[in-house]
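Letters A, B and C name the chains as they come in the text, with residue numbers starting at 1 for each one.
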Amino acid sequence: MTDMDTQIPQTDAVPAAPSRLQRAWDSDFLYAFRRSPVAMVAMLTVTLMVLAALLSPLIAPHNPFDPATLNLMNGFTPPMTENQFTGQSFFLGTDDQGRDVFSTILYGLRISLFVGFAAVLLAMVLGVTLGLLAGYLGGWTETVIMRAADVQLTFPAILVAMLIFGIAKGITPPEYRNEVAIWVLILAIGLSDWVQFARVVRGATLVEKNREYVQAAKLIGRRPGAIMLRHILPNVLNPVLVIATISLALAIIAEATLSFLGVGAPPTQPSLGTLIRIGQGFLFSGEWWILLFPALTLLTLALSVNLLGDWLRDALNPRLK
Amino acid sequence: MSTPVLSVRDLVVEIPTRRGVLRPVDQVSWDIAAGEILGVVGESGAGKSMTGNAVIGLLDPPARITGGQILLSGQRIDDLPRDRLRKLRGNKIGMIFQDPLTSLNPLLTIGDQLTETILEHLDVSPTEARKRAIAALDEVGIPAAAQRIGSYPFEFSGGMRQRVVIALALCAEPDLVIADEPTTALDVSVQAQIVALLKRLCRDRGVAVMLVTHDMGVIAEAADRVAVMYAGRLAEIGPVREVLTAPRHPYTEGLMASTPLASQGRARLRQIPGAMPRLEALPEGCAFHPRCPYAQEKCRHAPGPDIASCDGHAACWFPLTNAAPLQEAGA
Amino acid sequence: MSALISVRNLTRVFDVSKPWLNRVIERLPRALLTAVSDVSFEVEERSVYALVGESGSGKSTIGKIVVGLVPPSEGTVEVRGVDLSNSADRQAIAAVRADIQMIFQDPFASLNPRWRVRDIIEEPVSVLGGDTTGLAEKLLEQVGLSASDVGKFPHEFSGGQRQRICIARALASEPKVIVCDEPTSALDVSVQAQVLNLMSDLREEYGLTYLFISHDLTVVQHMADVIGVLYLGRLVEEAPRDTLFETPKHPYTQMLFEAAPRMDGFGRDIDVPQGEIPDAINPPPGCAFHPRCPIAVGRCREERPEMRKIGRTRVACHLAE
């Protein structure tokens, strides 16, 4: 019917179509990744730590929180030396109760990562949803949400988390407190962090909602919910990924801070922060390894995640291309 | 013949990418004499803006000039160190960009921007600079210039802002003005005003103008000569009446024929099949041959024709010679 | 043939006042922008009605009102006899809404960058629960693209190709009317020719009616059957194409024709239009064009001219004949 001929080949030879994996590997994003040593090292570190945390029951020499495996005589053994009483040697030494520090780090890493990821997930879901609603619906919805965000920002996140934690502690009966602690921790950190997601998503939504493809969707009769979820959301997620990564580092540190202060993970399920708190007491009496190794682990983890997030932000920024 | 104000000779601009080196400007040559307006026309991606940026030294790295020369009044400027080039800009070369909204600093009054430019390039006192600024605004048709000199850009309409931009480009008395799509963002009536203003000012002051646009109508009315660009290369160059009514390059012919005006009364417009090739996928031989209705064997294989080795007007191995190609069948 | 679209006394006012607090502090009045003022016209079935004007003319707003994206402040829009904004019969409204589609100006913003072409084209039908098998492929072929392009993303196509995808999407629900808002303004000349030819062919084949909005007189001269000229939200002249271009009656139309660049106007020194488009918030009294009109008289300043019929033209000018 129409003599459209946009299929005129631009070159004579047509190369074989590359496979999807090939195309992904070749994409600008992964290319930038491959060229950045910082990104690759950071990614590697984070991956190793996540794996270590996931596989901790298999890797750890023993479960440090199972009293049956403990031998008090093993206590205070320096790293890689033989214990004078039992003859056992431990990779990173033992703490005051004879727990293998390496094992406690692995289990602590687990808690730290779990809380970190879960809290960021909560903040992300909450923040993105509220941001979408505020940006798209405008009016009173937007005013209420954004002012709530503003108010929350006037408080330091840690204080907000402590507040939530304190309230939860007050409501929960004492016998359940230790079990619930982790969940409350996730809730506290998550709730203290949603604002930045909401703000960024709201801004991006304001831009997207005026674009013609949204108008096209409106005119065929799609409901606001469907438009927000299926049209706008995929287009505002780019910055969210970057923020989430950096938030993860911050959440891990926030959790460590809370645990260090004694209002976080309980000693029965210690995170890296709790271990640091425990170890701190022994630093000046000579048993430096109980503090140092958990601290180094936390440092490496937070740094790697942070560097990864930084790199991601630059890689995904279209203007820097 | 006096020295042309601008002389571009075999200019090549390259951009290294990880997929190879691209040439958005490939062997472009032209001269612009004082008081002459050269229209540079082409579709998106043809390289016309890039050429303008190369001349004024505002190429975004990694794009860089890798060949050819640019001479301003006989002096080479493409190999100048950055600070010398910076002094040249604004003083000898003025630039008018497409979007008047972003061309002006929103935080400074137009008076401040004008006097700043004048003081930077001309050796005058601040009071004298201000007088000249008011005179410049007057000349471009801003009503009540002496009062409005203290206004901010947002207080002006689009057309007025573009006039301020023209005033800014001309206030340091340049020899060459590069106008990159100066009227594209404006309404038809405002466009007419701006084009008339540009023509008048440049004739009066003897300024050479390089007018980059995709609008053939503006070219017809404003330009003295026109250069047609395609895929980074110069396809055709010549006096505007000649090129537009009797084009020699099949691309120019196709372009003219596909404008709605040329197909008056007919149900369908003549169209050029396909699309301009991307720089990464230029065809072998002549860049236009896949879309050319007159392509022959030589066009498919012989490395790109250039104007110098062809008839001096069109970069085509078999330039059109009949005077009325637009009447050909092809609807 | 009957009028498919009937617009009567259409008015649309936007409240662009600053927020209440600002107005109180700065003592500003309310700012009401009259984008469309008492516009009436009819579009015959299977014809192309063009709305021509510069910025502030209200042509885009009228397009959006006809399509249903923006409600009118006053006046009615009837499509096939159904009053879209006031009718009580929601079924009828929904049925007629499905018959109207829109093509937008910006081919880059009209398609959701995260959706595949197949989903984009099928959306108008899938939203209503229709059968979409093979629909996208069929429509792609119709607009001159290849059926194998269904799985691709918009960024893999050029501007002209994207506009064709927009046309395919507009055709999906088999509409009767397509409102085209500057469909080729963002395209190069040669691509514009391809797209306009496509639109003409499709109109023939499907018996479509176009409401064609544009600022480009040459395009309008090629495509339109009847042309309406708008100035500051008011319809100042309406005539069949040839009549308008041969004998424009309104001074604004004449000024527009004079100012429009012509490809045979070598070195033409035109009669430059005077002044600029006035502020739509405070339009001039009487005839909106009088401050710039070369033949304005006292009456023009006091009395807003009504549309009157002169031959085949309708014109709103006290002095036209």
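One rule holds for everything that comes next: contacts are C-beta pairs under 8 Å (C-beta built on N, C-alpha and C of every residue); 3 or more make two chains touch, one makes a residue touch a chain.
Predicted model, so just to flag it, every value in this text is computed and none were measured.
Summarising the inter-chain contacts, the pair of chains with the most C-beta pairs in contact is B-C. Set against the C-alpha centre of chain C, every other chain centre is closer than that of A.
Averaging Cα coordinates per chain places chain A and chain C 50 Å apart. Between chain A and chain B the centroid-to-centroid distance comes to 52 Å (mean Cα coordinates, whole Å).
With centres set at the average Cα position, the gap from chain B to chain C is 31 Å. Within chain A, residues 4-6 each touch two or more of the remaining chains.
In chain B, 275 are the positions where the chain touches two or more neighbouring chains simultaneously. In chain C, the residues touching two or more other chains are 160, 194, 197, 201. Considering their complex, residues 1-2, 4-7, 211-213, 215-222, 231, 234-235 of chain A touch chain C. The part of chain C that touches chain A in the complex is made up of residues 64, 67-69, 94, 97, 100-102, 104-106, 109-115, 123-124, 127-128, 142-146, 160-161, 166, 169, 173, 194, 197-198, 201, 205. Interface residues of chain B facing chain C in the complex, by the touch rule stated above, are 43-44, 157-160, 187-193, 195-196, 199, 214-218, 220-221, 240-241, 244-245, 254-256, 258-264, 267-272, 275-276.
Here chain C touches chain B in the complex through residues 54-55, 158-160, 188-194, 196-197, 200-201, 215, 217-219, 221-223, 255-256, 258-270, 272-273, 276-277, going by the rule given at the top.
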